[in-house]
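Look at the two complexes coming up: subunit A is in both, with subunit B in one and subunit C in the other.
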Partner chain A sequence: MMKKNRANSIMGMAFFGPALVLLTVFLFIPMILTVIYSFTDYFALSPATTHFVGLENFGKIFKDELFMQSFGNTVKFVLIIVPLQCLGALGLALLINKVTYCKKYFKVAFFVPVVMSLAVVSTLWMQIYSPEGILNTVLTNMGFDPQPFIHSTDQALPSIAIMSAWQGMGYQMIIFLGGLQAINPALYEAAEMDHASAWKKFKDITLPELKPLCVFVFITVTIGAFRMIVQPMVMTGGGPSNSTYTIVYDIYETGTVNWEIGLASAMAVVFVIFVVILTIIQNVLTKDKEDKHENKKK
Partner chain B sequence: MKTRKSKVLGIILVVVMIILSLLFLFPVVWMIANSFKGDAAITADMNTIQAFVPPAPGKGFFNNYVSIITDTNFLRYMLNTLFYAALLIVLGVVVNGLAGYALAKIKFPFRDKWLMIIMMLMIIPSETIITINFLFIAKLGLLNTVIGYILPMIVNPFNIFLFRQVFVSLPDDVYEAAQLDHCGPVKYFFTMVLPMSKTVVATVSVFTFLNVWNDYLWPSLVFTSSDLLTTQIGLNSITSNENTTMGQTLAVITLITIPVIIIYSLFSKQIVEGVVSTGSKEG
Partner chain C sequence: MKKVICLAAALAVAAAALTGCSRSVKPGEVAGFDEGEQYLSIWVHSIEDTPEGQSYRKSVEAFNEKFNGTYFADIEFIPRNDSGGGYSDKVNASVLSGGLPDVLTVDGPNIAAYAANGIIQPLAELSEEERGIYLDSILEQGTFNDKLYALGAMESSVGLYYNKAILREAGIEVPKAGQPWSFSEFLEILEKLKPTMDGKNGYPLDMTFPVGEASIYYFAPFIWSNGGELVSDDGLTVDGYFNSDTNVETMKYFRDLVDKKYMSSVPISNLFESGRAAFKFDGAWEVNTIYTSYPDIELGVAPYIVGDDWNGERYTPTGSWAFAASSGSKNIEGATELVKWMSGVESGLDLYRQTKSLPSTYEAYNYITDFTDDENYKALYEQLRDFGHPRPKTPAYPQLSSSFQQSLENIAISGMGAAEQLKKSTERINAKLERYTRT
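Then we have the complex of A and B:
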């Protein structure tokens, strides 16, 4: 018996080993280094002059106007995209669930932008948003004034948010469709016996059954939106006047353009703590729901 | 009477949805239609419905595509990316699959703790450690090498978790029978476990392909030499060239999109399953 245990330990580590080595080198150590560097003034071009500076970096970033602006931009981006993408995905899923013909075509059509890359989508929409582009031509023909879109400080961020919601909502639509199909049809049949209206069925059956998925989608879209960087990198370079500069963009440029690793690490630590808090909130909210389900079953 | 009414409503809904889907896809339709036109034609067609219709096939129909393939390195970038994707699919399935199997079926020290750590690692946004990984790869002298690009991308906590969830439900008696036939654990994994779990292998492979094909940040840091670029970074170097026309730009992004659309249409079942599983695992 002892021998078998030992054989299992060796085999287990042999199977898990390659992944563990790579995880250690490219995930654990970088994470630990990020935390350590966040307390230093590590400058990548002269590593020899690194000092321990305590919490100075953290004080610095909250006084840094650019970081605070990029934080504000990111929050604004999140506030626009989250309702747009979540409600859009839910609406599409409800409609497709009701449709009786060409269901497959609709699933594919609304999912196409998801498999396109962010760089491709950004390049394409730069043409669409251009001053002489197709969108402005359509607007002018309909009697509206042409809009500057990504070329103005007011419109650049919302323009990128609308594009990103368009690109991403197919993913959450598929998640919602999976959830809708998992609802027990007997619930609807019972409601039909009671002559419940369509709205009442939606409010009393569909929404409560989808609630855990709604929380999941809401939080994942929120976290995804906080991580936004590629779209402004390709489309605007963070401009005009830093109006599309985001937190992750700031971390990235502070690290790989200015080489201020200490400062970038402090920003990264703050950002990760933020993301972890959001994830914990999600877990608490969905756990709560599961417990209630369990109780009901008992 | 009632069924007839609901049938009419059903048809109205389909018509509304078709219009909605066309509106939704207008950027993609516009992209494809105009990738076959010269810039003069693109501008001239802008005011009419012609903007969404490709020109009649004739002489010069593929001009933009031909000039992209002959005048730029784009074909090279496509082949590079396909090669990286193939490499990462094989390595990723083996490394993450073995780890997932160990976490599911082999009793080794701290197994459940490792599983918890893997699940927590799924939360960490990769953008936050990309700078440190870049410095590390640079220190090793591996910038502008395939190894330097590939190494940090092989292991993926989410894929380990996905494999583990599927392997856990494999029956144990098959393994015991295989042991009697003197089939070692490694051989058992490759000849029995992986073939028995085709769906999850396909799902992980498809997501790895999409991830490699669409990735932007990491290859843009590691690669500066034009010979090694991936499609996404190559796109950047082509569009930033002043001589590139709008038609050519649209042709390039159409070319980049064709492989993912093909992969998606071949494996839409696996993709949908993968997407739904992210929802059901957590929700």
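Then we have the complex of A and C:
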């Protein structure tokens, strides 16, 4: 018996080993190093002069106007994109679920942007948003003034959020679609017997049945949105006047362009703590409701 | 216990993978490296399979032939991605692990930071004659704290291009080289052109303040020619330089250009190329673009404009990648020889043929008919030769560059207070300089 266990564990390690090594090298060690570096003044060009500086980096971050601004921008971005992308995905899923012809075509069409590289999508939308681009031409023909979009401090972030929502929502749409198809048709049949309106059916059957999926989509979209960097990097370089500069962009610039690995690590630590706290809050809030729901059922 | 062993083993594997190896190469191990030769390693920032990479390869092969029996140079290509990573990551990692080559390429504005942090060392003494072959701007770019660290094979320049047809129509005479328009004169010309350009649904000036290196590269000359500086001579002080009253005035000039609608506040692509702008500031490559893709535009190069009180000092844009000897090199004589070769006349000529980047030596220009026969290329070369001024030399250059762009954008486009913005930027740059100034 002992022997078999041992053989099993060796086999287990053999399968698990390569993954463990890779995870250790590329995930765990960098994570540990980031935390260690965040307490030092590690400078990429002069690693030999690294000192332990305690909490100095963290003090600097919270006094840094640009970091605070990028923090604000990121939160603003999340607030715009999360409802947009979640509701958009749900809407698309409901529509496609209803459509009886060309269903495959719509599914593919809405999913294609997800497969495309973000850099490519960003470049494409730069053309759409450009001062003499498609969107402005359409607007002018309809009698509206042309808009600066990504070249204005007010419109740049929402413009990027709309583009990102369009790019990403296909993925959540597929998830919702799976959920919709898993709902027992008998529920709808029963509702019809009771002459329930379409809205009632949606509110009392579809939504509750999709609830667990909604929570999942909500949390993944939120975390994804916090990590936003590619779009402003390609489209605006963080401008105009830093209005699209995000936390991850700031971390990247501080670490690789200004060579301040210590400071960048501290920013990363602050960012991770923030996202973790937020996720816990989200979890608690949504779980609570779920439990209540369960209780009601009972 | 087992867990600890597992973890230790994993760490050891990781460490081995991360440190890499910096062993010395023995004769015969690399094709062409013979007994009695000194081995020199060199890193370049480009992809081998590009015209630029091929040109470097060719230069190294020529070096090995010329110095057969004395030196052997071994080139390694480390591609640099668009955002500047890749190559610099490798250099930074090698600073930590100690695997720097004898010679490496450094972008012009980064020379100060690399020198101040001891990543590169001063080259061995060059004779007056050896120094004399290079354009002043190249020597100036490679010098930090009075020591020569780097020499480049490439130079660059930015032109104030104009549409000859539009200016002819408006009856505007373009001044000769060395007698540029002053800021006020240029404003008057833009004012004169405004109605014509409005009629063409365009602007007198095709100009933007993009995020990235272009803004400081194109527009710092406005600061210098107007009597301002961005940083002190030793590169360690910005207070009183970056935020000087003169610079506040210069920044307001940019805002004037936007406020009076001489330029668009949002970037419109191909304004100049489509004949809807009379002037444009752009790199030397624009000449080739116009010649090949927009043959209908009659292109001219006007002298870069200057502040009203300019007294002839150097001010126009320059700078490009250069070769330097790393502090890891124990053979500074050999490394210097290689740097001289890689930045020499032959290498520069070949690079021009492959990539159209301007050469760094006087002699090379004599062999290229573009610079003797074509008035526009000739004007760009003469401007570079007579007025070229390298970008600010400070170890905090990346912050200086992005702060300059942000100030420019905030002041000119968003209309924020000039003095206040420059003061804010000065504080940011100062924070980055702290590590060099604290004693």
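Just so it is clear, the second predicted complex is superposed on the first by the 277 of 298 C-alpha atoms of A that agree within 3 Å, B and C clash if a C-alpha of one lies under 4 Å from a C-alpha of the other, contacts with A are read in each partner's own complex, and residues count from 1 in each chain.
Operating definition for what follows: a contact is a pair of C-beta atoms (placed from the backbone, for glycine too) under 8 Å apart; a residue touches a chain by one contact, two chains touch by 3 or more.
Since this is a predicted model, take the numbers as computed values, not measurements.
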Which partner chains sit in contact with A:Ser46 here, subunit B, subunit C, both or neither? Use first/second/both/neither.
second
Could you tell me if A:Val115 is touching subunit B, subunit C, both of them or neither one (first, second, both, neither)?
first
With the two structures laid over each other on chain A, which partner does A:Val215 touch: subunit B (first), subunit C (second), both, or neither?
first
Report for A:Asn184: first if it touches subunit B alone, second if subunit C alone, otherwise both or neither.
neither
Given the touch rule stated above, what does A:Leu20 touch, subunit B (first), subunit C (second), both, or neither?
both
Please tell me which partner, subunit B or subunit C, touches more residues of subunit A.
B
With the two structures laid over each other on chain A, which partner does A:Glu132 touch: subunit B (first), subunit C (second), both, or neither?
both
State whether A:Ile229 touches subunit B only (first), subunit C only (second), both chains, or neither.
first
Overlap the subunit B and subunit C contact sets on subunit A and report the shared residues.
20, 25, 44, 132, 233, 256
In the complex of these two chains, what residues of subunit A are touching subunit C?
20-21, 24-25, 29, 41, 43-47, 60, 65-66, 130-132, 148, 151-153, 233, 236-242, 253, 256-260
With touch defined as at the start, can you tell me which subunit C residues reach subunit A in the complex?
6, 10-11, 13-14, 17-18, 83-85, 88-89, 92, 95-96, 113-114, 117-119, 210-212, 264-269, 398-399, 402, 406, 409-410, 413-414, 416, 424, 428, 431-432, 435
Using the touch rule from the top, collect the residues of subunit A that touch subunit B in their complex.
5, 8-9, 11-13, 15-16, 18-20, 22-23, 25-27, 30-31, 33-34, 37, 44, 95-96, 98-102, 105-113, 115-120, 123-125, 127-128, 132, 134, 137, 141, 166, 171, 174-175, 178-179, 212-213, 215-217, 220, 223, 227, 229-230, 233-234, 248, 251-252, 255-256, 261, 264-265, 268, 271-272, 275-276, 279, 282, 286
Can you list the residues on subunit B that touch subunit A in the complex?
10-11, 13-14, 17-18, 20-21, 24-25, 27-28, 30-31, 43, 46-47, 51, 94-96, 98-99, 101-103, 106-109, 111, 114, 121, 123-125, 127-136, 151-152, 154-155, 157, 160, 185, 189, 210, 213-214, 216-217, 221, 232, 235-236, 239, 246, 249-250, 253, 256-257, 260-261, 263-265, 268, 271-272, 275-276, 278-280, 282-283
